[in-house]
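Before anything else, here's the structure in question.
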């Protein structure tokens, strides 16, 4: 057991729904175990600028259902330098922190790994990002909420697509991973789904459009991952209109609405579990790892591995997508 | 009293949430009064192509809560010609239609006015459009739903704006009218609202940003009506970033999600009222008018007037917007 | 013009969605006009117990979209006594309050009227209650949200009613007024609507059920206002089952979910308008009145009248309900 | 490979959100593999009464996002008799059905098992029930949606609980299993969660209330599973009020709203996967099993086992619940 008198918690990188639930869980787990929780504002910047405060159970009342992160998140170029990290560590030390819980994604975990390696500050990563592209967990905090936000938006567009015989190209988030596009596309009954993991091309989409045209299908939803290789969704729309002047093509970029909103039940429960696990691991003397959930069990993965590896898209689900869109 | 044995109903132009509730109300009012309702598919195109069918109360079961229009809506260039309208009238006559209820906006009402003037077909307009830009009614069907969709989306973006200290420019619908921008902007607590009715300019927004910057305010939501005179929201974003490199500017175009979704209570009740009124007016021998609601009472306005005039934005509400965004 | 250096604001009675938006608007209007806003916690109890604080624009940031009231609301038996009101007034005086904005319903306005009559404290009422039963305004703050909450819940029950051929009796709020029942019933496509304003009876509902049974209709939704004269919805359910053993009757009491939730756009805008109006009236030297909206214009009504009179249910809407449920 | 020319699909037992998505997936998988899908109405009753029809891809368009089941579900006493099943089998045979996909829960699977044993009709079970109490799958179709519906409702009640210092007892579904109560309770930040799996008692809840009273906590949410052993939630409320007259206790039974609503992304994707799997298993000559998802992979479980065993509540999650409610 590692003696933990004070544990700091921060959110870093792109915010995700459920981060507040994770902070709350870290804070309450600390209190449960007699540890003093310390809230660090604006990510690593707060460590460098000494923007932190001791908190209690009441500090995190009524935030479990709020989107965003009340601790805020900020980019911090200074923390990417050894000098920045030294300053951050010294502030953490002066504040009496014995461990640090970092809620965020790849970039945030890199920072955690470095401050632990360079200064021996025990760190635990908690995967909070809508993209679901973190190795070592089946799901990241925020992913389920983002999926549902995307699906609800596409449902609304479907209403108007059905009313009018149109082709909608809808871009969802996921720069490097097609998880959101594949799942929201299946769930929204999209006619086509373009993801970065597959070698789709304008030609392939065109084939499909030609076939659906022949089949008399008159309105279509195409969900496109923002990382899709053929270029932006606006360019894609232009290309489709050139080849199929009979289609009225509409382009929608869902954008930042996918980052906000009340977290779903799954995200709140996941955040609650991982917050507890983060504090317990630190108390057990385990650090330098990310906590995640695999097959419904809490597991740990070295931060290094969490950063370098990536979850593959589920081939079986790709197959399902092909079948249900006949 | 005008003898009405059969009444046709169609939706035309851009679809709006609540159109299904309006169709249902027209159909059920017909049945209530012993009139045979006839559903016309794809707007005026369905009249020209004889795509219509007699329906009953069951035909409109379980649609009151559905977005879009199950009768579909289509543009119809042919109906804009006298020949097209003659063909449409002949089909209507052959089908035994004694009157026509047209659910839609400006353009749709022009068509209704012309077919009545040229051929004596009694027509009633029902205002269905999210833009709320129809004279002769306090609210159009779909407007309240679109407002709430916009507000929910901006709420989500607020979550992430607050987490990150950013400036968001959010474009909402309303090409010629700032109703959606003004109301959703107030409701979402936007820091600035740009509407076509006001002579805003990049300069004015810039002033405000400079002041809020000085006030230490670090994140901002600016709601922009798509008809705003200074140009598209993307260009606006570029201009802001040039003048204020310290801001991280994000642009979101809400787009077509505003046209879909389950109608709100207000829109369903309004649609139910106006559907009843449309049938009752036809039976009373009144036509060539639009039914609307003014001060919670059903009123009629000649189609000509409904098309040519426009509701002005509420000056008092503009004042409220200025005050609550201090 | 009345010199107003400090204005207090409190919420009292049953809470309603949009109360936070109203508080925010009062606070920001004060600041706009150079008045110091004072937030009073837990209604009149906070006045008596001196639980108040000066606030600023930041104090009400990010609450416009929150349900409930962050100032809390509490019953206060002591304020109903002259001694309690004297104590409250003395505290208000000591805190330098020149006026008071009371957000609530009937009971809250009675308190405001009395403290003004007895001690000359200028008071303005702002109608905040989901029941919509306040005279002097077309809509109360919270009513539109409650309506939509009820409609969404009934929509969900419709899904399962349709799947199973059942009769659902759904009780909605509105002890003395059938506004929620009538509007949510129309909007949700209920087969029957029972409200306290109409002399419905078990017999009448029974007739209708018998007819719908004959018509082969196999699932039904009946919306019942909690104030309906024939007794509670549970008893009603029992009576129906006795007369129609072939029906599987299910009873649902929507209850307190109708009081919560994010306020709709209409409620936020209404709250923003009325908050501004409340502060402006006080500054104009007008008090002892409630601010409301009639025909989209801000109006004032003496508190005495607001308390003693009641909005009548719209007969035309009752007629619409009968027609669309054929 | 089993020759499958026609496959029937039906929904049976309590309906659940996502059933429509499952039907759609079965239908489209059939078409994908050149099998004729046959839709059977009203569960086993439709088999007995010969209420079925051949369908195509269009028959299931625009239903993926609809709650309930458009095939309807009905109890069928006759199918519980050998004679009833013989009649059902003969109709199935006459219609040319080579296999049957049954979407439902325990009771529905018993029927499927018996008709296969007695008559050799190949059957596949697809777990569709909000209770999540089916062995052989991590999640049942409808469970995630019901969880989110419960959480949203509790969130709304939290708004008003916080405003008023009250104790709310909220009953959620789950007669034999506390999955919904435990997960929605954690997600909604409930102060106490009572589930049938734990030997809670009035005394234990009373202890906790006494402690929280001492801690100055003035409003509380207690989530109670409908199967909780100490009796109904209304009786529980009465008992609490007797022991703690200082609390204002409010009781809410969420009831049937939990069965309806648009399915979440998770439920739609799960339904899509399992629908594909059901058809593929039948084609592979596998039957008498339920398809489910374990650790994100499709697995099969003999119907007999699916019926007789039960998923245990996750002990680790019970621990998390205790920790985060400090």
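So that you can tell them apart, the chains are marked A, B, C and D in the order they are listed, and the count of residues begins at 1 in each.
Operating definition for what follows: contacts are C-beta pairs under 8 Å (C-beta built on N, C-alpha and C of every residue); 3 or more make two chains touch, one makes a residue touch a chain.
Heads up on the chains, UniProt names are A, B, C, D = ATP-dependent 6-phosphofructokinase.
Source: prediction; values computed, not measured.
A.B. asks: Tell me, please, which chain's centre (mean of its C-alpha atoms) is farthest from the centre of chain C?
C.D. replies: Of all chains, A has its centre farthest from that of chain C.
A.B. asks: Could you state the distance in Å from the CA-based centre of chain A to that of chain B?
C.D. replies: Comparing mean C-alpha positions, chain B is 35 Å from chain A.
A.B. asks: Between chain B and chain D, tell me the centre distance in angstrom, where each centre is the average of that chain's C-alpha atoms.
C.D. replies: Each chain reduced to its C-alpha mean, chain B and chain D end up 39 Å apart.
A.B. asks: Centroid from C-alpha atoms only, then distance chain B to chain C, rounded to Å. What do you get?
C.D. replies: Taking the mean C-alpha position of each chain, the two centres sit 28 Å apart.
A.B. asks: Chain B: which residues touch two or more other chains?
C.D. replies: 155, 158, 162 - these are the residues of chain B that touch more than one other chain.
A.B. asks: Chain touch graph shape: choose line, ring, star, complete or other and state it.
C.D. replies: Shape = ring; chains linked end to end, path closes on itself.
A.B. asks: Quick one: in the complex, what on chain D touches chain C?
C.D. replies: By the definition above, chain D touches chain C via 11, 15, 17, 19, 66-69, 72-74, 149, 153, 155-160, 162-165, 168, 250, 252-253, 255-261.
A.B. asks: Going by the contact rule at the top, pick out the chain D residues touching chain A in the complex.
C.D. replies: The contact residues of chain D facing chain A are 21, 24-25, 28-29, 31-32, 57, 62, 64-65, 138, 144, 147-148, 150-152, 155, 158, 162, 183-184, 186-189, 262, 264-266, 268-269, 272-273, 275-276, 294-298, 314, 316-317, 319-320, 323-326.
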